[in-house]
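Next come the structures, one after another.
First chain A sits with chain B, and in the next complex the same chain sits with chain C.
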Partner chain A sequence: MASRAAQQWGTFARVWYLLDANQQPPGRIAAMVSPILQGKHKPIYHPLSDVGDHVVIINTRKIAFSGEKWDRKIYYHHTGYPRGFSATKAKDVHLIDPTKIVHKAIYGMLPKTLTRRTMMQRLHLIPGQTIPEDIKANIVEQIVAPREIPKPLDQYTEEELENFPKLWHPVEDPDLR
Partner chain B sequence: MAAITCTCVNGVRSLILGRYIGRTILRTPKPVITDCPVRNLKRWERPYMLYLEKQRKKHERKFGPPPPKPRSEHSDLPWNYDSELYAFARRLGEEINEETLRAAFTHPSFVAGEIEKRKELELDVELDMQDNEELSHIGIEFISEYIKSYLRHVYPNFPDDGINATKDHLTSVEVSSHIASHLGVADLIKYPVFPFPEDVVQKTFFAVVGALLQSQGPDRTGLFVRDFFLPQLMGKDINDCWELLDPMGLLVETLQQQGKEPPQPRLIRQTGSSTLVAMYIVGIYSDKQLIGSAPGSSILEAEDQATRVALKNIFGTNPEKSPPLPIDGPIGQYLHASIVKQLKGGDNSERVAVSD
Partner chain C sequence: MFFTRFLMAPRAPAPDRYTRKQKIFELSKYFGYRRKNCYSLAVRSVHKALQYSTHSKIKKKRYMRKMWILRLSAASREHGLKYHHFMQNLNKCNILIDRKILGQLAIYEPKTFKSLVEVARQRQQEGLLAAISPQHKVQGVFSRVTEQY
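Entry: the complex of A and B
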């Protein structure tokens, strides 16, 4: 094997992952990313050894809450000062800062220790598609997104639409019901 | 040194009584060391012992620690050189000619010193003392040949330079004197100055091996070398003994000799290229087959490491992939027998001969 120094360098090297958040639920993204930031996917893991990896999440603007969460989910915040309480809907938070929802989701899933802030520093959130050059140079692996994106209707070919199994055939004459 | 292993309440007493009381500071007659009392602990004993210890420490702080003394001059130790010599040989499980052994421990400068003393005292200068010069040469030659032959048998593809480097490491001053001190060789050396320099210990150790060779022959001496020198390689990567400055050149040469394709380094993996803690993994390919890969903090470093790994794999000395040294067991015994046979001068096969 290589020298001990080289082996150690290879063992403790930090890997940069990429995750596309397009049409993904932010909670499930957070559940996947949180162990990577902690380093729990590594056999050398220990909560006190700083062995987490970097995760770059692109298209955070395109996240997709299921159900009616955009209207129903409220993010509460109190500034600590009198009359400092605010309750904001998810859609409004998303308009103000398109990375905040993913940020809060991941932050809430990390262990509530002093190392949490360090792990969050290794999370890089990009609202769109354009990744800065220096971060792009580092990325080596991709995390498979949790949700399989369903194909929109306009992307189906004529042949596929025709051959798709039907439950019932529409009646031609609507008066004969 | 009496009662030093006493673990009772009067531990402090044991510490002091052996060495420093009496003679050096208080000039009282040597106290009688009895076994520690379990009952009848006198009220004055502890404060007295603590006071003595304090005095000793004060003395040591002022005048420094006491100078080291050879074992023969330790107080409370009845030292009989002849019995110690006999015991040394028996302890190793060997029977060595007494005269040869005595000569083995005598350094030439000691003989010179004795002659000087005799001249001063105007005595007869004819001294019947033999020194260990010749014996040490015989010893080191045998040790080198045995080690080289052993390594050649165990690592048939390892180049001669590597084997010689490993042999040099094992017979170096540090390693030899380390083994010798732990066998008790250092206590029996006859040399004018104490503490003995490490190369004197090394020379004496080689002379002891030479004495053993003359008394018992290559078989027993070979077992001695095998049992004391070769275990120093356990847990050690033997490639580290060999300082390679141009691994890529050697790899190209080796592959050429084996009739294989020249090596092609390729970047296999990398991470964090724009950071300070970038990591690159380079693999060396010969004829599209991976022969070695290693990580590094830069591409050049990774390539260098990968070349060294490739060389280790080709030579069969990769510690992760090669079995432990066969020192004991049926393989070890057979190996020892073949080495002794070769050393006795029968075997002329090129494969096992190692040139210097």
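Entry: the complex of A and C
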């Protein structure tokens, strides 16, 4: 009978995923990443057994809040000392540290247990495009980003622009002028 | 003769203080700090521990089922089906394997589990086709009506 060692290695291996956060909403990224960090995507899941995977998120500087959240969303913090209360807008937080918004979003979506910090250690946030070599060597698979990035107008070819269905055709009528 | 008690020996003497306290200390051996040594603290902790033990026996069944459902949700999503679609279509095919065994199949027999997911998916497609085009009377293999005994 063949050995099941390979199957066991494959089942219990810790996988490294990559996610591109370019033009993605940070909340939806967090909702996608938090079950992977917990290990809820595996049939061997148990909250006490440490089965979460690593996730590397690149381009966190390019995240896109919808609506007016850059101005309206406020992050509150109290240091515990007197006069230690601060309320900072999302855009200011993003300027100070471009990974902080994604970090806070994911931290809030993980279960509030003692294993949360361990899961956050398996999250790697990179503001830009360049991944460190030792992390890059580990990455196995890329996760599909939640939001489909709309194509900008200048990237459409002339054929596509002509063939695109039109609501109305402009009429050349000299009397209208 | 019903009241045989009066024929028996006189009532056994009530246990002394040491024996009474030992009954509690036997159960509090693994507690922390003074709750394992001092009777007033130990008796309260032991009573609470026994309450937790009885409640947990009832709740364990609920927690285990939740765990099975979580695992099946993960396993079926690996194959592209959501948990509720998987279970619903498996039930429609009269496959009555319970969640505990399905979870064990998903872990230890992945190919068997994959074939079960394929059965559920095929049944789902047949159901959708029948709903969309009832006039064509599509007769699927898995959705053919079977006798239930």
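What we mean here is this: the second predicted complex is superposed on the first by the 160 of 177 C-alpha atoms of A that agree within 3 Å, B and C clash if a C-alpha of one lies under 4 Å from a C-alpha of the other, contacts with A are read in each partner's own complex, and residues count from 1 in each chain.
Following the convention adopted for this analysis, a residue touches a chain if its C-beta (ideal position, glycine included) is under 8 Å from a C-beta of that chain, and two chains touch if they have at least 3 such contacts.
Note that this is a predicted model, so its numbers are computed, not measured.
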Would you mind checking which one, chain B or chain C, touches more residues on chain A? B
Thinking of the overlay built on chain A, is A:Pro170 touched by chain B (first), by chain C (second), by both, or by neither? neither
Answer with first, second, both or neither: which of chain B and chain C does A:His46 touch in the superposed model? second
Quick check on the superposed pair: does A:Trp9 touch chain B, chain C, both, or neither? Answer first, second, both or neither. first
Check: chain A residues flagged as touching chain B and also chain C 7
Counting only contacts in the complex, chain C reaches chain A at residues 67, 70-72, 74-75, 77-78, 103, 106-107, 110
Enumerate the contact residues on chain A facing chain C in the complex. 7, 11, 40-46
Touching residues on chain A, where the partner in the complex is chain B: 1-3, 6-7, 9-10, 13-16, 54, 134-135, 137-138, 140
Taking the complex as given, what residues does chain B use to touch chain A? 269-275, 277, 279, 281, 294-297, 301-302, 305-306, 308-309, 312, 318-320
